[in-house]
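Note that the chains take the letters A, B, C, D, E and F in the order they are written out, and that residue 1 is the start of every chain.
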């Protein structure tokens, strides 16, 4: 079983490995792209909410609404795509054994993103950010890299889980 | 009529449904697009294998190899994308309860597709088709639609799981 | 075996075939992707029509309208693209001789799709489905595969022309 | 003024016009994008042919071949796409009556582009340019704009049909 | 001949050229694609302005607004992309020395395009066309090709800078 | 509150700000996406170099070369795109005044990326990373956020400039 696992990893990531150690993964995955996409969705919600405060939208404001809505949509697709890539390409049996919650967490991110795409709902989109931060935390833990939380250095200034580097 | 309308909108825009009955799905999902993409990967492998039989590739044949390889890559991405969409958008709690294997099956499709992208391996890509056919079978069963197997009406003429209609 | 290989390569890389027999097509074409795209357009029209019933749209509903309209647009482009691919890549002299109507039918699909993109018109979009079903019927006939009609197993539950397999 | 506005909207959003006069086209079509894409294919063939002169390709040259081949592919798809758009969106009954050859010409462009994608063949790709120039000539004639031929002001310096302006 | 071939490859694959003469450019650049994209933005503004004249938009007209707005957005992205490509790939030290304004002009095109995307403003978008025409003029001058101005042969019939050919 | 809302909308939709203070940026820009793309290019070069060590490539290895080369190409386009977005959308007069080198730096990133796309050259691609790190440093400085350097937590483990957060 272990042999099988190593053999598969072998096939997948190295086309010429002499070393038996593969603690150094070969592809570049970084959950920050997912996190930035969720922050962008939150930002779009903020801006749409500001339009909501208006009593009546001018045609230009309607066009702006269409732009904001389109951008939220696009970022939502990105959240799903980037999450699928890390889940489907990086997570293999060892990581799944270590974090048995990963399948359900990933699926919940998908459902929550659908909700965030279909609605204009800040608090629910914030819950999506929490899920995605947990996803990032698991990812970095699986690589033995500690994490910390800090507000994003740009709007919407929400808590994001970052790896401790340097 | 009004009830119907509300019910439909409900289905489309709300993902937190308590009802376990979802017999009138609102969006259009069809696993055939995944299946066609896997068939295309198999076809590309066939054609690359034919080039393999040559002792020495001319520059034009090398260009053809790059085209076939690029197409295989593109179809592989499509397999992952379309599978992610049905898994992440269509499958909700009732379907997951009914088919508890769905998370692992989906994840195996991702891993198998990576393998099929990174290698030129007909039998392994055929195993991917089997996984994808099982995915289609579950999908149609969750909608109470029976399925049957038939060879695809075009190369590579492999067994595909189709819904029984009409 | 060698003959087979040459024949296949021939089919793939040469478009000037004098033979009227093309019983071993080399590429994978399937009009189902066009048909699914038209069904999606019809579904979007249904959902937009439901919004129409409202007296006054909230800002969230306007955002939904933009999403539905954007999706209809995207599916319309897909209809044109997929139709162009089968018409321009699969149909060659033998098939054109067999079905002299194909150029005009394809062009009518283009015009009808433009209309369906530019309007919210269920009955006209249904006429597009009829054209696309005829396109599918011709395609399968050119490969000597019989067809039948059945309602799509998902909304909008309209008649779709499928190949008889198995 | 109001009449003008209505007339324009009419042109844009309705395709079933009985009038045979369409001297004020509503959308912006320009065959130059098709012509540039064919010139790009020709240029890629030139550069691939230069690699052909080498006795043995280094790995870097093989990578270059893959890039050139990929770019040729991409430009070929563009030729088909842009041609389909003008043919399917701009050409309506009046223009088809005036130029009955347009369906077959368009279809020949599709076949010829497939050939140019699948091969590295300068003279055949040059024949594609001739077809595309004829397509451009018809387009401009349908708008009563005269044309002239000149070498493209960049490689591969081949004859291109341009509209006479100013 | 051999010299020519090497010189061409040189031009294509090496960007650090000391020669100030680049009269045989190797890649195909043509600012017409940027100009067509700006004309398309102007056309979308015209059509949105026509909707503005209405007192109250029907749901179909709102959908049309979303389409026009989405197309304007898409063309704006194209303006930025195509400008970036010519600026970043074609302009090298000799051209920059000859036209020291090029960096600032390119940056102004970016800012002006953002404005044109974010607003529905004909006169400001017309200023963008002026900037883009200047960009085209510089481009052709750097290749020793004279230019002239003429109204575009399609709406919005505005002045465009074209190369003098033939 | 109302003031805040107007101020925010102002920031988003108007680019002609006279104020030199832009401490509350409205859109979400993050140079990390550029940096990840350059790291990916470096990684592709590493993997291509490993193929180089082979005396003779099998057909499968040639296909792998085409994949690696295609990915390098794609990441190179991403570097240019993401850099163009931050340079063209975020940098306005105040930032340009503060960092007069920004135009030339951005242009050098474009040229260097072209070189990295057209060649398989680790040390030159590493120089691109240095340029992109300087770009990131300027970006964060313009927002009064300090930076530090650390090795990327994944291959190719090169020095990347990160913002100091928390």
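Rule of thumb we're sticking to: contacts are C-beta pairs under 8 Å (C-beta built on N, C-alpha and C of every residue); 3 or more make two chains touch, one makes a residue touch a chain.
Not measured: the values here are computed from a predicted model.
Student: Check every other chain and keep only those touching both subunit B and subunit F; list them.
Tutor: In this structure, the chains that contact subunit F and also subunit B are A, D.
Student: Sort the other chains by how far their Cα centres are from that of subunit B and give me the top one.
Tutor: The chain lying farthest from subunit B is E.
Student: Go through B-D and B-C and name the pair with more C-beta contacts between its chains.
Tutor: Top pair by contacting C-beta pairs is B-C.
Student: Which listed pair, A-B, B-F or B-C, reproduces D-F with over half its contact pairs identical?
Tutor: B-F
Student: Where the CA atoms of subunit E average out and where those of subunit F average out, how many Å apart are those spots?
Tutor: Comparing mean C-alpha positions, subunit F is 24 Å from subunit E.
Student: Provide the C-alpha centroid distance between subunit A and subunit E, rounded to the nearest whole angstrom.
Tutor: Once rounded, the distance between the two centres reads 35 Å.
Student: From the mean C-alpha coordinate of subunit A to that of subunit F, what's the distance rounded to whole Å?
Tutor: 20
Student: Could you say which residues in subunit D touch two or more other chains, in rising order?
Tutor: 12-13, 62, 64, 66, 70, 118-119, in rising order.
Student: Looking at which chains touch, is this a line, ring, star, complete or other?
Tutor: other
Student: Tell me, which pairs of chains are in touch?
Tutor: Applying the touch criterion to every chain pair yields A-B, A-C, A-E, A-F, B-C, B-D, B-F, C-D, C-E, D-E, D-F, E-F.
Student: Mind pulling up the subunit E residues that touch subunit C in the complex?
Tutor: Those in contact with subunit C are residues 59-60, 62-64, 66-67, 70.
Student: In their complex, what parts of subunit F are in touch with subunit D?
Tutor: So the residues of subunit F touching subunit D come out as 48, 51-52, 57, 62, 65-66, 69-70, 73, 117-120.
Student: Spell out the part of subunit E that touches subunit F in their complex, as residue ranges.
Tutor: So the residues of subunit E touching subunit F come out as 12-16, 80-81, 84, 87-89, 91-92, 96, 103-104, 107, 110-111, 113-115, 118-119.
Student: For the complex, give me every residue of subunit A touching subunit F.
Tutor: Touching subunit F from subunit A are residues 15-16, 24-30, 32-33, 36, 39-40, 43, 46-47, 50, 53, 64, 140, 143, 145, 148-155, 162-163, 165-166.
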